[in-house]
Amino acid sequence: MTVRAIAGLAALNLGLAVVGTSFLWAARGLPRWTDVLRLSGLGYLLGVAVFGVIWTQLLVVGVPFGGWAVLATLVAATGVCGAVGVRRGRSVPRGLVGPPTGSSLSLFVTASGIALVGLLLEALFRSARLQSLQAFDAWAFWVPKAKAIYFFGGLDEQIFTTSAGPTYPPIVPILDAAAFHAMGSVDVVTFHLQFWFLLAGGVAAIAGCLYRHVPPWALWSSLLLVLVVPRFGEGLLTPQADVLVDLLFVVGALQLTLWLRDGQGWRLACIAALFAGAALTKREGLLYSALALGVTFGASWPRRRSAWPRLALVAGIVVAAAIPWRLWYRAHDITGEAPPSLGASASLHRALDSLRLSLDVLFDVSLWSVVPFVLLLALAAAFVWGDRRLAGFITALLVLLFLGGAWVTYSYPGLPITANEALNPIVRYTGALVLLAGVSMPLLVGSAWEDGPEAPP
Amino acid sequence: MVAYWLLVVLVAIVVRYPGAFTHANESARANAALDVFDREVGGGNSVIPDQALLFAARGSIPADGTFTVAMGAPQEGWTDLTVTFAETFLRYFLLPRRTAPDARWILCFGCDRSAYPGAAVEWEGDDGLSILKRVP
Amino acid sequence: MTAATARRIAAAIIAVPLLAYPAVVAADGVDFPSAVDCVRKANPGETAPLDLVFGRRDTPPAANELLGRVRAVGYLDAEVRADGCGRWKVIYDGITSYPQGASSVAEARGAGLEAWLEIQPP
């Protein structure tokens, strides 16, 4: 039972990685197999996003979902990306070993980081493999929606309109339904491994994207710290949408940061796919993406003539991907995605309480350990000794995200001012901030290390 | 300052990593030790007073059948979550079976059976739980 | 230290713990739940409540077909139940003791049916 289920899940996720890696190959080329390996995590997340976005549109127009349809989508998406890559003259990867980069010490630090992260992921795999479905939101609506897609082949009206969270976008139920097909049954125990694959892929994506841009000690220490904060750990495997939306957004924001630095156009293709995926994973994915793109418009002011049309295209793709789902539930008389009056009618007192709540949650050591504190240190170091534009961009993004979370509490009058997760989503929302902090810190301290008083000779 | 940042981060990792690793292993052990039925029911063990209802319902109601949940007054053996969330859990657990107000199958939680005249008792458990089947 | 040596050491730093940990854990036994987990055959002298099981099938219609044959032999109170592992079993749950059950097994086999005793699920 579970051996076959695990093998099926592994095959599905390999298929997603192949789709995303071929997307990357078409967008930027992958000269060496080491590049393929290094960017395999990014490729995997891109595959998840592209698959989810495609199937959201297909389900909205009524295309039946099934095992063969999933396989056909994976093959077709890979084929299209392959055709684009050939047309763009991309060469097949060759060679296993690239030019030597860094010292032996750097190599050992990287190896130690991979070993420690890998051990933790192995332990989480063991935990997820036989995990029962406990989380309320998971059995109240996420998994019923997945079962409905699996059993009835689409966005079943009864389940999708009467379950809690009817405006919640469908990428996670789509992924879960694909997982059920891959496993050969609705195995609600083994399917927790699908979330392990998402976590492992996300970690690999972050490491792979940052590897060439930051010192290894900065990368692996930040990554490990974020993985072991109290609120994450096994919470990262809960079969809900929070982790996936955070990963898609944060890796997209990381690509935005790197694009501002090096201007490489292929990153914008990845950003469009990742943010479109985030917008169709949870409602706040659209908010996160809008904030990140907004800050990027501001940060690219000096080269707005070339940058703004491209960013506008990315924004247009994200919006275009997000609209059909919204049209679907509006057509089924479901409303409520946005707060009443966009929060304009609430009081100043509530605004201050919401800000205070967000601040308390962010700096709660029992949730996030020292991450927010070391983030402030990293920002300070970058402002004083490092890349001030980078520090400014990250600060602006974090501040807007923080205010976005406070705005969510402020603008929904029914949300009590509490960190109780059953009553207010602020803790889950703050997870995106903390993950973004973990991804940004290597860039910040790396820039201070390169340019600052402690810079290596 | 960068050195200080690294020191704080490393100390935090040294403090947190062993606990996170150990906790994941303990969860793995606890999950492996679960009874297969407990593992399949999961969070439902905190909602449905008797697992046997779930498996009896799965066995009795055909995959394309419909059911309704009839809730009476709370009884001994029920949890605080039973009255509010039993139907939500059953909708998830019994899919592809759907809920319908005029369904042939009634999952009775201490319900008033006189409201279903002629319905046969297909299964009866403890704590006021039963499965009724309306005769067409 | 040459680059090749450094690479080998780095590979060992990665490979040794990542291979040793699963090996250590696997020494305790690795549980892969399967449909067999829901088959709890009763041993002689079992005192827990028992069912007389006539077979398992993968789908309710297949189980109902078996149920028809079992009832035709005379087990009118036999029924189909989900076994908790994705299959459907045909059972008779009127067994009150192991000796009675053993006798029922012999009787059922004499009538051309497969039958065995299992411990009732919770």
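We call the chains A, B and C, going by the order they appear; numbering starts again at 1 in every chain.
Note that a contact is a pair of C-beta atoms (placed from the backbone, for glycine too) under 8 Å apart; a residue touches a chain by one contact, two chains touch by 3 or more.
Since the model is a prediction, treat every value here as computed from it, not as a measurement.
If you draw each protein chain as a dot and join the dots that touch, every dot ends up joined to every other dot. Of the two interfaces, A-B and A-C, the higher number of touching C-beta pairs belongs to A-B.
The distance from the centre of chain B to the centre of chain C, each centre being the mean of the chain's C-alpha atoms, comes to 22 Å.
Computed centre separation for the pair chain A/chain B is 30 angstrom, with centres defined by C-alpha atoms.
Separating the centre of chain A from that of chain C, both taken as means of CA atoms, is a distance of 40 Å. Each of residues 119, 123, 126, 130, 189 in chain A touches at least two other chains. Touching of two or more other chains is recorded for residues 25, 32, 39-40 of chain B.
Residue positions of chain C with contacts to 2 or more other chains are 25, 31, 33, 85.
Across the interface of their complex, chain A is touched by residues 1, 3, 6-7, 9-11, 13-14, 16-18, 21-22, 25, 31-35, 85-86 of chain C. Within the complex, the chain C residues that touch chain B are 25, 31, 33, 37-38, 60, 79-85, 88, 121-122. On the chain B side of its complex with chain A, the touching residues are 1-6, 8-10, 12-13, 16-17, 19-21, 23-25, 27-28, 31-32, 34, 38-44, 85, 88-89, 91-93, 95-96, 98-99.
Across the complex, chain B meets chain C through its residues 25, 32, 35-37, 39-40, 51-52, 55-56, 58-59, 62-63. The residues of chain A lying in touch with chain C in their complex are 1-3, 100, 104, 107-108, 110-112, 114-115, 118-119, 122-123, 126, 130, 185, 189.
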